[in-house]
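By letter and in written order, the chains are A, B, C and D; residue numbering begins at 1 in each of them.
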Amino acid sequence: MTCHELDRTDPAGAIAAAAERCSNRGRWGEDDVLGTLNFLDESKRVEGASLIRRGVTFSLAQRFDANGPQKGWRRRTNPVHTMLSSGLDAEFGREEFPHGLGGADDVIHMPLQASTHWDGLGHIFDHGTAYNGRRASQVVTSEGDLLTGIETVADRIAGRGVLLDVGRAIGTDHELPDGFAITVEHLRATIAAQGDSSRVGRGDLLLVRTGQLTRARRDVAEGRGWGDYAGGPAPGLSFTTADWLHRSEIAGIATDTWGFEVRPNEFDVAFQPLHQVVIPHVGLFIGELWDLDALAADCAADGIWEFFLTAAPLPVTGAVGAPVNPIAVK
Amino acid sequence: MTCHELDRTDPAGAIAAAAERCSNRGRWGEDDVLGTLNFLDESKRVEGASLIRRGVTFSLAQRFDANGPQKGWRRRTNPVHTMLSSGLDAEFGREEFPHGLGGADDVIHMPLQASTHWDGLGHIFDHGTAYNGRRASQVVTSEGDLLTGIETVADRIAGRGVLLDVGRAIGTDHELPDGFAITVEHLRATIAAQGDSSRVGRGDLLLVRTGQLTRARRDVAEGRGWGDYAGGPAPGLSFTTADWLHRSEIAGIATDTWGFEVRPNEFDVAFQPLHQVVIPHVGLFIGELWDLDALAADCAADGIWEFFLTAAPLPVTGAVGAPVNPIAVK
Amino acid sequence: MTCHELDRTDPAGAIAAAAERCSNRGRWGEDDVLGTLNFLDESKRVEGASLIRRGVTFSLAQRFDANGPQKGWRRRTNPVHTMLSSGLDAEFGREEFPHGLGGADDVIHMPLQASTHWDGLGHIFDHGTAYNGRRASQVVTSEGDLLTGIETVADRIAGRGVLLDVGRAIGTDHELPDGFAITVEHLRATIAAQGDSSRVGRGDLLLVRTGQLTRARRDVAEGRGWGDYAGGPAPGLSFTTADWLHRSEIAGIATDTWGFEVRPNEFDVAFQPLHQVVIPHVGLFIGELWDLDALAADCAADGIWEFFLTAAPLPVTGAVGAPVNPIAVK
Amino acid sequence: MTCHELDRTDPAGAIAAAAERCSNRGRWGEDDVLGTLNFLDESKRVEGASLIRRGVTFSLAQRFDANGPQKGWRRRTNPVHTMLSSGLDAEFGREEFPHGLGGADDVIHMPLQASTHWDGLGHIFDHGTAYNGRRASQVVTSEGDLLTGIETVADRIAGRGVLLDVGRAIGTDHELPDGFAITVEHLRATIAAQGDSSRVGRGDLLLVRTGQLTRARRDVAEGRGWGDYAGGPAPGLSFTTADWLHRSEIAGIATDTWGFEVRPNEFDVAFQPLHQVVIPHVGLFIGELWDLDALAADCAADGIWEFFLTAAPLPVTGAVGAPVNPIAVK
């Protein structure tokens, strides 16, 4: 990897250069809708399965409810879950069904990126172009993502997962501070610290723990609330990792932060520049707001940082983001 | 299994008797929230993992969208998915972000049982009592399921799956007609026809294909619409399978129909009597509206009817039902 | 009025010609957002107030609920109303408040045009242009109508209302059949039949009853359901009324049908061509799915077809349509 | 009015005593669903109509949008308004309709009390009883208010409105501070200051301006946000006004605050005790989050504090609260 010195005044130039270096556009044909999930093949799943030794599972999802971290930015609210009927109706209400049957039903309203989710390939555009060079307007209309909707990868995301606990390896008390930019050097140091089970390569699903969620939950528990966890300053991937993310040929990456990359970004005036490279050019699947804490504790305990990971997004037709309950099995 | 002659005029009596015979109430302690998922242990997951041979995956979810089968019965509507911003905004709209970044976001409103889902233990009550003998009103209020919300099983449902394609084994052109009651004899005949890989036992996740979804999709494709697929007559489990479902100690069961059991039910005046036994008394997890067709075709082709199955429900806090994208890996 | 012979094969030509004849673009300045509501001035409200003689009121709204006429066309579903807490929680649930206080709250999800509503000026475009010649993309983005959102007319719509019961005057059993095109001649004949109180002029809010809702409700009551009331064939205004609608200088018009104009439309291949003239060119406010039956019965009884009408849309910021509970007072 | 000394330690006792003194239960028969709206008769509407002199209108609604004051307390969120199609789709998207027609549609999700609304009679209970002594569980279930849903008053609320600008009469810079309890003496002093047009009596719709909304909007404009405007400390009616509210025989009352009565309440441990008296016992209709500023300025300017008021709630079937765009005409 070449170390790319960032000119803080020129995000557009840096993005354009990285996009050119890292482009996968056309790599899998003009009709491709899978992006880096093309790297996740059947042999990778067989390899992942071999990592199931004890049969223990970890859900990597946060809870979906009204007490979540969202604050309404860009109409990203917390899920609102309501009951169509409840146990009170069943026990005390009008008899609705014969022979003593009672039932409860429920309904939800939520932004698809309110809690633990995958970004779809239609989530981010670069100068009006989407993944594979398509025009944004031809891909995502008010009817949703007509080509790369999350349903197109409904059956893909199961394979070898590997966790890099950068918070534990590099941070203080297992946490990186907000604004900490994780560079390739940090990733390498973490791999070195964790040992061979944390090697990262083609087709892997890479999880990066920063520790920010640990901190945010502590803030909630101690009465300070979520703060800006769902849209503010955060540790995260440095813009300079673009080439490594491309070259490593990972199938996807997920973090315990709202935005995957470091915030504030590493330019004077910028907004999520790494997204602008890795989604529309690399075709990379990004997971956000994942809960990696329990898995990380287990990995630290047994020294094994790889596992079988299933992270199947809810196949909402045309979705540009999708809620998911990822399950790691060791 | 004793063959239980059903008195069509006495569903309440039949339900009470089956409930007494099949009760797991108290079996795992008074605080238990897992029901039959207690059967799904780590060794079962290791066994399931050993079934991953080729690395092929099958999503068992239907699509979540406005063109689904719901007709509004009991306010069960189809999902409404809308965009908070689209590719058209990104390409032609006001500049919202610096350096050419564009983004699309989306939101959904849906009943939690609109499409492929698990019933939670708080979904059905028997005479005002929920699983483990709790009062319905103490479990599920307008705030949701306070004890057995689906989030309590967020990390559990991964293990050995087994598919019984009763439609293929018993039906005509691989489909059972609406109103066809699948008995224990039919289940056994299917197992016998399919061979040893389809044995069913403790901790297994049992999938039962009736073929009704195949038929409904054909109806849609040929312009007749979904009809009553999401709430009308259907093939399904006979009430008489209650003891077998209990004794087999399966961890969960899922079908390609809206309601798991046969409709119309096998009593003169009744509504989902098998639910009334297996959810509040057996503590059984039931999956509905699953899409088993592609998996069934593969199993028929290679003669192997078992696989690793991950079916992690979206952990909506307090949900009595939960959407899921189940992934089978062979 | 000139009688415009319609060439059934050329809707585009007819629309373009009518748009040119009837345009109010620029009439009230380039910043105008009120369209024909400019005609509704204070003197008109004083005139309207003078029509309140008996103090009787009529709500012209249909109910907003899950049993409404919508069928999901273009994701237009019926409202879904759910409770955040209920009387059952208050009477039997956990104590939430001190001193015996109990409360119920509720929430709704609905398309803004699901039931009785006004079309806003941002609802319809002609070849990508909105009212006053603005580019559609500059007016209505994914964030809503940035210029002519319904909130801009939140305080305007109160004045003289006049009801033309064309169903009663022209139809059989007070109903026009589906597909019946109401021409200027029919409007004039209705005015003549009803007498002087039904004259129509500058600033009036014109209500046109076809009787279709009467028929649809009879269908519902007799078990046949809503049929295509919310999107199918309907009696309604003929395309040829465009000039009359323009020249009469009415402030708004509302009907008891889903789409105001006759369906099928009067061209071989067309969709709502009169909308395309009167919203983006005339700037006319159109009300749809109004319930005019009780008011019509009263007017027929006392022979007075004019009244004070308040029809204040719910001021949803940026809405292109808005639910309303119109109140007529006689 | 008797001056009721409040024992701050005994809200339950004070509520019970006031409820007994002020009860309208049974006053209009056991089937009554109108409560104090029984006072608003046709003659009152004729009287109200006579107050329309200039024809000027005032919308008393706040905007319904994502930037509103709600913070998610008890799942009371701000409205989420999304587009089903936009002007961008019409101008640049796929051709959906013939002859150049384009359309935009939209949808909303909101708590019914998110912004300007009426409380329905099913909103508040006293020890499990609703208005007219009905059991709460028999009135409001998970299906909504089965008896006193807001649709039952869809056509009622039009009549004489009168504004008491207590903020202007008693406050500093036209605003009362948070926690200020408006007593009968304050109401009388305001009437005296404003003059004869502000007399309050049977059948009137009483509006009380505190000035809190003026302050909250200033906070928003100056970057401090809404603070706790939608659920925190507020000026409002004193518990001691219960008898006056009852004896005055007003049809309804509305304020520019979230909760109508003073917060914190006038007891050591209490929550909205005046609600507990006036809704289930008096049957009083309460409006909250109304915007009275423009109307108040006009009334102060011309010295006339009465007007014709139409405040027709959106008739959501079974709603315990309902959004409204009230229109005052002078």
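Keep in mind that, in the parts below, a contact is a pair of C-beta atoms (placed from the backbone, for glycine too) under 8 Å apart; a residue touches a chain by one contact, two chains touch by 3 or more.
These figures come from a predicted structure and were not determined experimentally.
Least step count on the touch graph, chain A to chain D: 1. Of the two chain pairs examined here, B-C and C-D, it is C-D that is joined by more C-beta pairs in contact. With centres taken as mean Cα positions, chain C sits 44 Å from chain B. Separating the CA-averaged centres of chain C and chain D is a span of 27 Å.
Within chain A, contacts with two or more other chains are made by residues 75, 80, 82-86, 88-89, 91-93, 107, 109, 137, 141-143.
Looking at the complex, you find that chain B touches chain C at residues 66, 72, 75, 77-78, 80, 82-86, 88-89, 92-94, 109, 137, 141-143.
The touching residues of chain A, when paired with chain B in their complex, are 11-12, 15, 41-46, 49, 52-59, 61-65, 67, 74-76, 79, 81-88, 90-92, 97-113, 122-128, 130, 135-145, 151, 154-156, 158, 269-273, 275-276, 308, 310, 312-321, 323-327, 329.
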